[in-house]
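Chain nomenclature is as follows: A, B, C and D, assigned in order of appearance, with residue numbering initiated at 1 for each chain independently.
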Amino acid sequence: MVENLGNWPISIEITVQWGDMDALKHVNNTVFLTWMETARMAYFEECGMMDTFESEKIGPILAAIKADFLAPVVYPDTVVVHTTISKMGRSSFEMAYKIMSSANGGELVATGSATGVMCDYSTGSSTPISENLRARITDLEWARLP
Amino acid sequence: MVENLGNWPISIEITVQWGDMDALKHVNNTVFLTWMETARMAYFEECGMMDTFESEKIGPILAAIKADFLAPVVYPDTVVVHTTISKMGRSSFEMAYKIMSSANGGELVATGSATGVMCDYSTGSSTPISENLRARITDLEWARLP
Amino acid sequence: MVENLGNWPISIEITVQWGDMDALKHVNNTVFLTWMETARMAYFEECGMMDTFESEKIGPILAAIKADFLAPVVYPDTVVVHTTISKMGRSSFEMAYKIMSSANGGELVATGSATGVMCDYSTGSSTPISENLRARITDLEWARLP
Amino acid sequence: MVENLGNWPISIEITVQWGDMDALKHVNNTVFLTWMETARMAYFEECGMMDTFESEKIGPILAAIKADFLAPVVYPDTVVVHTTISKMGRSSFEMAYKIMSSANGGELVATGSATGVMCDYSTGSSTPISENLRARITDLEWARLP
């Protein structure tokens, strides 16, 4: 199977809230992570990654997260978060994130990445990404290509 | 002066985030308060309530808040928050909030109210709402009337 | 049954975090609500209010919340939150909260109250507070009296 | 100058709150980042890193953050966060974090790191870490060595 990943199929828009700012009058660093999470969940929904969570107790866990902060964000603003699965292993996968500020003409304000692992919540151990899920992820990554 | 308040001139739209949900799988009660705050800040900006904060250290403080939760909100959804100043005293004012869920066809999911007091941050005591600000608030409340 | 409620049996200590402050350099109003929630959950655990949640899908929902902010809190600090059930109806109950700042010698910085309703999550409707739970709450309120 | 960094001089204890948990019934990943931030601020206070922020507009900005999640945390618990500056460059520095769960006998639940840059907030550009601050950081790292 030739995988064609890293095509940024999912983009979401999020309203910056006044309370997202901290005492330095910038949006707090943890809020960027919440935005990435919201984009991650939109991706998971689109590819069916959570479909087996209730029925089979199989779903992703977040093993690691990383963010680079390029420019501050202040209220009021709307950010756009783009996400993609950039790599799949047997049971783990890598996601990437780009966050743009609408107030600053689409300026890239942060990038990030996350490592997810498919996990059998009943045993607590990792489990392979199913062929079905693998295919849906690949489809999703291809679907929006020109 | 005949005041005509309580006309709900400000409405904002906010994306519900996955992380807004708590362990009971509903949006946590404190998030509704954050939404009200974002609407409050949009109102403050529109009527110039914060204009004297940097220059004269005069601005509003939140004295009390109240919320009634009518229906749960779950991710994904977009809420619309409406707000109005419903009453003005010499140095204090009352705001009201209505939160609607787009996923549930605009169902009213929460109402709330807040008491604000104009405060001189340099002395820590309350100060009258200026005639100028009072006029701008009244204008804003009238402006969107049919 | 003579009820003796409102005796403040539960107190918890919470570390104020830097990120709890907002752009006005005070702890944000919603954080006070989170502190009240943490105290509420400690109370619920102590009286067994959540014991029927997993097995019978019967548990409390938050119908309303109210807070009065008396003094600002800034990082670093540790707050102490006291809570009590002050009133019980057939299926609803009232809780009260007091928040004290350790940095300010125990100064009362906020008070609050909440209305909870016992709810059958499988039907979505209210259900009476069981005699057993009612007794445990009364016991808890009495237990720490001198 | 022989630097002796990475000695974990600062440790803080933080109460896990019920609302820190998300819909998967574990403490949400962003909360770990808030804990690291609280430890970071305690370190900054101890070494005087914020002392020049008000007077000279010189202070640290967070350029990057990274976290590895080793085990879930659930309410109720108290976490202990240890932090250290592990490396100093001309104007940037690296911090490391370890988070332990008290409920699980001190089990290591997450590790993390952050890159900070000293910044002149009036110009927005990086500025060297002063000799004075460099000395205080080195002292702090040495002070608690056996």
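Just so it is clear, contacts are C-beta pairs under 8 Å (C-beta built on N, C-alpha and C of every residue); 3 or more make two chains touch, one makes a residue touch a chain.
Just so it is clear, the structure is predicted and the values come from calculations on it, not from any experiment.
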Most distant chain from chain A, judged by the mean position of its C-alpha atoms: C
Whole-Å separation of chain centres (CA-atom averages), chain B against chain D: 35
Mean-CA-position distance for chain D and chain C (Å): 31
Per-residue overlap in chain A, given as positions that touch at least 2 other chains: 18-19, 28, 30, 34, 37, 75
Pairwise touch network: line, ring, star, complete, or other: complete
In the complex with chain A, residue positions of chain C that touch it: 18-19, 21-23, 25, 28, 30, 75
Complex interface listing, chain D residues touching chain A: 28-31, 33-34, 37, 61-69
Residues of chain A touching chain B in the complex: 12-15, 17-19, 34-35, 37-38, 41-42, 45, 75-76
